[in-house]
Every structure is written in structure tokens, then in C-alpha cells.
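Consider the two complexes below, in which subunit A is the common component and subunit B and subunit C are the respective partners.
Coming up: the complex of A and B.
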């Protein structure tokens, strides 16, 4: 198996779900997919294509929210990034934590930092923020505003 | 107080607390204790518990979760307790001054006696700072 075979296989199997494929280099591919197909995609890459789930990353891209799921197929040295664009009015997606344990904590982090809801997550507690952090305030969003009246933001000089 | 300060200065036991630092300042603090810099020649000894310590060494930028613990630790310390802020983060939060997780600097949470700047400060700077602290306390006593 090489990278082209794998990508052609993915294109055939998921042709309705893929919106764009960007081959950045021989070892790096970005695949834009719809949010509904993420579990099927991850299942195929993880169980059938022998990929390893590396990490996911969430970004606030101002007009939409973006999640990148990074999968590595080590035997052909290919890093596949599945890019899901979420509408800001509907920030929810199916959880992958039941598929592989590695998605558990990063989904908890994305939930508290960006406010994305992951349906079917087994244990959606807070991971990084402090205990007295208010509900519904998401620090890594672009429109985050200082909420703490006691915070001091100058160096006192 | 006079006897207590006298006893404290003879051999100040230090307790090392990291309030969310990148660990580089902590490595420098540990360097001070190793034979190359050997802070024990000034009578300083690393204490395992704040209840045995006279000096509190604080590194890191005091995030929301750890500043509560920091206050608890300071309450548990036997008084008089001297506080030494080590590194840029503990002094002014450094590059984390606008971080959502670091609302107030260390000296607004507990009183600080000596500030040792640097990112990280050299072991020599830490030793110089602690020696200055001892001199300062001696001068105050007179």
C-alpha cells in the first residue's frame, strides 16, 4: 500500500462526504469532510487503514469553528488531517472517545476551551480550567472578553 | 520575634513551591542544592513540608487553580515566613500577563520579601538574592 492507493480508496469510499482534498506534500494530506461523517471516517482510518490517532486540534476561525483530527499511517509515513468545519450556531459533533481512548481528553479540552459539544462522550468533566471558572465562558474563542473584575493586567509601573 | 529571627537566619530551611512554572526555574533551584553551588554552606536546607520551613521559594505565574493552594500553603507556614519570588513569571507573570488563567501577580496574593528576576535566574543570582534577604532581615532587626 502506498499513499496514493490509500487516498484513492478513501475518495471512492467516502465520495459524498469529502468536500476538498489538499495534498500539501507527499507526507501530509488535508481532507475536508462533513461533520456527520466523522465517526465513519475515523473508524475506517483507525480500524481498516491501520492509522494511529495522533491528536485533534480545535481552532476558532472567526466565521466558523474548525476541528482537525490528525491520523498517522506509520507504515507509509503519511499524516492525514481530517478537517471539520462547524457552524458557530451549531457547535456539536459526534465524539470519537468510544472508538479510541486517545480522543477522550482532547475532546474534554476542546469542550471547555471552545465550547464544542461532543455527543456520546463517556466522561465530559472539566479538564484544565480551574474550579471557580464560570460556566459558558470559553477562553480560546476569538470573542473572549475579560470577565474577572479583580484581574490586574498592567505591570504597575 | 528577635529569637525567632535569629534562629531563622542561622539556618533557613527552604520550601520550594511551583505555581505553574515551566520547570526551568525549578531546575535552577535544584541546581542551587547540588554540590556545584551547594547552598547548604549557608545553612539552607530543602524542607519536605512547609510546616518545617522558614523560607518559601515560589516559582511560576500563579494561575487560578494554584493561587488558592498557594494561600493555603502560606497559611500553614510557621511565622515569621519569608517569601522569595524566583523568575520573571513569579515577579510579574512575564509573558503570561494577559493570560486568562493568571489574573493577579504573586505579590498581590501573599507578601513577597525578595524578587529574583531572570528567565530563569542563574543559581548564582538565586544565592545572591537569598544572601541579600538574610542581610535585609538582619538590618531590619537592628
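Coming up: the complex of A and C.
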């Protein structure tokens, strides 16, 4: 298997779900996909293509929310990043944590940091933020105000 | 039988991932485990968005005191991947030397503490004694025992003087006999076998499902090493072995780390002997808009950084994923069914941070304290003593 075969296979199999493919270099490929297809994509890459899930990274791109799911196919040294764009009024996507345990914690992290809902996640508790962190405040969003007038820390005490 | 909740934690200030475990035990057996992290969450990703690309290198270096090379290494590679560009050959060699020096001292630190937990305080003394030699080497090369500040996007900040190389080579050679001795001691010791073999097994399939990294995955028979899979630095310039074992227990994780140190020493010696001449810095000016991913093999596994640039001098988004983030959840699979006296060494076997185990407290249902951290280590040491006397080994 080489990188081109794999990418052509993905293009054939998911041609309705792919909106753009950007081959940045020999080892990095970014594929823009629809949010509905993420579980099928992840299943194909993880189970059939033997890829490893590196991590996902959520970004607030101001007009929409973006999640990049990074998978690496170790045998051919190809890092595939699946890009999902979510509308800010509908921040929800299917969870991958039931497919493989490695996606469990990062989805919990994205949930509390960016406010994205992951449907079907087995254990959606807070991971990094403290228990007294207010509900509905997401620190990695662009509109997050760091200086909270009610926080003891920010009053200079 | 009644169930008892055993809280371990909550936090220690060393690594970026302090943790609080809740073990549920029935008698001596662990039947459930849950982890809570985030006590030391410092918002480095958010902070990095406010710094310039150059300043971020220093912030990133301070994520972890032990991995103060791997984070800047992954970050600088992510920034270079935005172009994408390659750094000068000499810089690649210097980066490799620093990264391998870090691997040796990190594994020695782990080995010493693992020895202490198991009641082998001689191993603790020896491992930490030769770790000083490696820290001296790093001080000669970078000026610091830790937080080396050697990395910058596009190259390294500090050159290696040719006068220093013989001194450094001599120091590195001096630790090899002790490493060999430790290797033989671990592989031949029947007490250590009885204590760690078959304990805390992570199967190959579990390692794949948990996306385990580094020595944790290699001990379970998953051939996964970024230095081989996606070669970077000078790692594809020389021959070296990826250490893989099959069983996934604590013993195999011990063996993988010891054998890896010997490989790291060989890589360091090769790089120092074959250090090419030339520039050490590509003098990057402006970072173009785009995305970059850098991932390298840290002592504990793959460190992953993602950087998004919009053409200004600051990253728009900087994602940091440390290897322990993927390795930590594996004890959902390893610790259940084991005894409480093995809990410390299983939790320690993935090489998370250690201060946590100093803060362990065991309480019974009424909340009365039965054990604290030192007691748990003593419990673990006593078990080794018992096996020793049973076998008639002194």
C-alpha cells in the first residue's frame, strides 16, 4: 500500500462526503469532510486502513467551529487530517469514543473547552476544568473574556 | 465482600497532567478505577496564541520539566511544517543529541523510582548516580541541566563546540558499564521476575484501541516509534534498533526502557562523532499562513503539536498533546483485577509523574485513614521482601 492508493481508495469510497482534498506534502494530507460521515471515515481509517488516531484539535474559526481529526498510517508515514466544519448554531457531532478508547478523553476536552456536543459519548464529564468553573463558559472560544469581574483571582486579591 | 474506595491524589506539580485516581477495591483486589485530571491545567494553548512564534518556544519548554526538549522539538517542527522546510543538517544532529540525552535521563529517573517502589533502593541510587553524568553532559552542551533552550523554529540556538565533544563522549561512555549491569540485574533477578512478570498486562489489542504510545505500546508488541515511522532529525542517518517486547506487563516496560537507553547512548555517540559542519539555523523570517503538524518521539511516546498560522507573528491555534494523555487511560485495562500492593507500580509503569504516588491516601468506608503514600510504597516493598525470603535470595 502506498499513499496514493490509499487516497484514491478513500476518494472512491467516500466521494459524496468529501468536499476538498489538500495534499500539503508527501506526509501530510488534509481532507475536508461532512460532519455526518465522521464515524464511517474514522472506522475505515482506524479498522480497515490500520491507522492510529493521533488526536483531534478543535479550533474556533470565528464564523464556524472546526475539528481536525488527525490519523497517521504508520507503515507509509502519511498523516491524514480530517477537517469537519460545524455551524456555530449547531455544535454537535457523533462521538468516536465507542469506536476506539483513544478518542474518549479528547472529546471530553473539546466539550468543555469549546462547547461541542458529542452524541453517544459514554462518559461526558469534565476532564480538565475545575468543578466550580461556570457552565456555558468555554475558554478556547474567540469570544471568551478572560477577566471575569466575579472571580477572586481577577480582583487582585 | 464490601467495597472500599481508595483515593489516590489529587495532584503533583511536576508534569502537565497531575491526576487523582479513585480505586475501588474488594479486599485486596482492585475492581474499578477512575481518573480525574486537570488540577494543574495552565491554559498553555491559550497563552501560546498571545505569544509570537519565537516566544512560544520558551513557554512550551516549560510545559514539563522532564520533557523540556520534546515539546519545543515538536513545536518547532510544527512551525517548520507550515512552510514546509527542512533545517540545516548540523542543526538536525544537534537536536537529535539533545533529544536522546533527555531520553536517557528521563528513563533513568523512572528506573530509579521504579526500583524504589519495588524495594530495590540500590537500583535507585545507581540509576540516579549515572543520571548525574547525563545531566552534566547536557550542561556542557546547553548550559543547563534542564530546560535547555536549544530549540528555535528553523534550527538550534546554540552550537556544540568541537572542544567539548571528547569530554562529552568520555562521560557518555562512563555510564555504559552501569547500564549493562542494570540490564543484567533486571533480566536475571528471580525476585524481580516474580514481582513484575504478569502484573498489569496491557494486551496488544488494548494498546491499539487506547492508541497507546512509546514504551507503553512497544512493551505490548506494537511496533510504534515515530523515530522509525516518520523519521526526523538525524534518526535515519544511522542504524539503531527499535526495542519491542510482547507481554505488555510491568517487567516488559522495564526491559524496553533499559534497552532503549543503550540504543540512545549509541545514537548520541554516532551523532557526536559524525557531527557535520555548516549552519545551525535557517534564519526564518516570516511564517506564512497555513497549518503545520509536528510530532516526535518523546521519552514517554509521541508528542504532537498542531500550529495554525494566519500570516501574522502569532499562532491562531496551537494544540499540544502530550504522550501521557493517551497512555494514562490505559490503566482502565491494566489495573483492574490486580492487588493493591501492585497498584503503585502499575500506575507508575506508564511513566506518568511521581509526586502523585507520594500523596496516596487509602481510606476505609468510615473515612478513617488506613494507608498514606509512604505506606503504599512500604506495602509494595514488603511484598518484594516476602518473595525474596520465600526464594531464599538475599
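Note that the second predicted complex is superposed on the first by the 147 of 157 C-alpha atoms of A that agree within 3 Å, B and C clash if a C-alpha of one lies under 4 Å from a C-alpha of the other, contacts with A are read in each partner's own complex, and residues count from 1 in each chain.
Operating definition for what follows: contacts are C-beta pairs under 8 Å (C-beta built on N, C-alpha and C of every residue); 3 or more make two chains touch, one makes a residue touch a chain.
Here the structure is a predicted model, which means the values were calculated and not measured.
A:105 contacts which: subunit B (first), subunit C (second), both, neither?
Second partner only, subunit C.
Does the superposition put A:27 against subunit B (first), subunit C (second), both, or neither?
second
Return the chain, subunit B or subunit C, that is in touch with more residues of subunit A.
Between subunit B and subunit C, the winner on subunit A residue contacts is C.
Looking at the overlay, does A:119 come into contact with subunit B only (first), subunit C only (second), both, or neither?
After superposition on chain A, A:119 lies in contact with neither partner.
Should A:47 be classified as contacting the first partner (subunit B), the second (subunit C), both, or neither?
neither
Which partner does A:59 contact after superposing on A: first (subunit B), second (subunit C), both, neither?
Once the two structures are laid over each other on A, A:59 reaches subunit C alone.
By the touch definition at the top of the document, which applies to A:132: first (subunit B), second (subunit C), both, or neither?
A:132: touches subunit B, not subunit C.
Scan A:11 for contacts with subunit B and subunit C and give back first, second, both or neither.
In the superposed model, A:11 contacts neither subunit B nor subunit C.
Please report the subunit A residues shared by its interface with subunit B and its interface with subunit C.
The answer is residues 129-130, 139 of subunit A.
For the complex, which residues does subunit B have touching subunit A?
Interface residues on the subunit B side: 63-65, 92, 97-98, 100-101, 103-105, 108.
Quick one: in the complex, what on subunit C touches subunit A?
37-38, 41, 43, 45-46, 81, 84, 208-211, 224, 229-231, 290-291, 293, 295, 302, 304, 306, 308, 316-317, 319, 321, 325-326, 328-329, 332
Which residues of subunit A touch subunit B in their complex?
129-133, 139, 144, 146, 148, 150-156
Please give the residue numbers of subunit A that touch subunit C in the complex, ascending.
24-25, 27-28, 30, 52-55, 57, 59, 68, 70, 72, 74, 77, 79, 81, 100-102, 104-106, 126-130, 139-140
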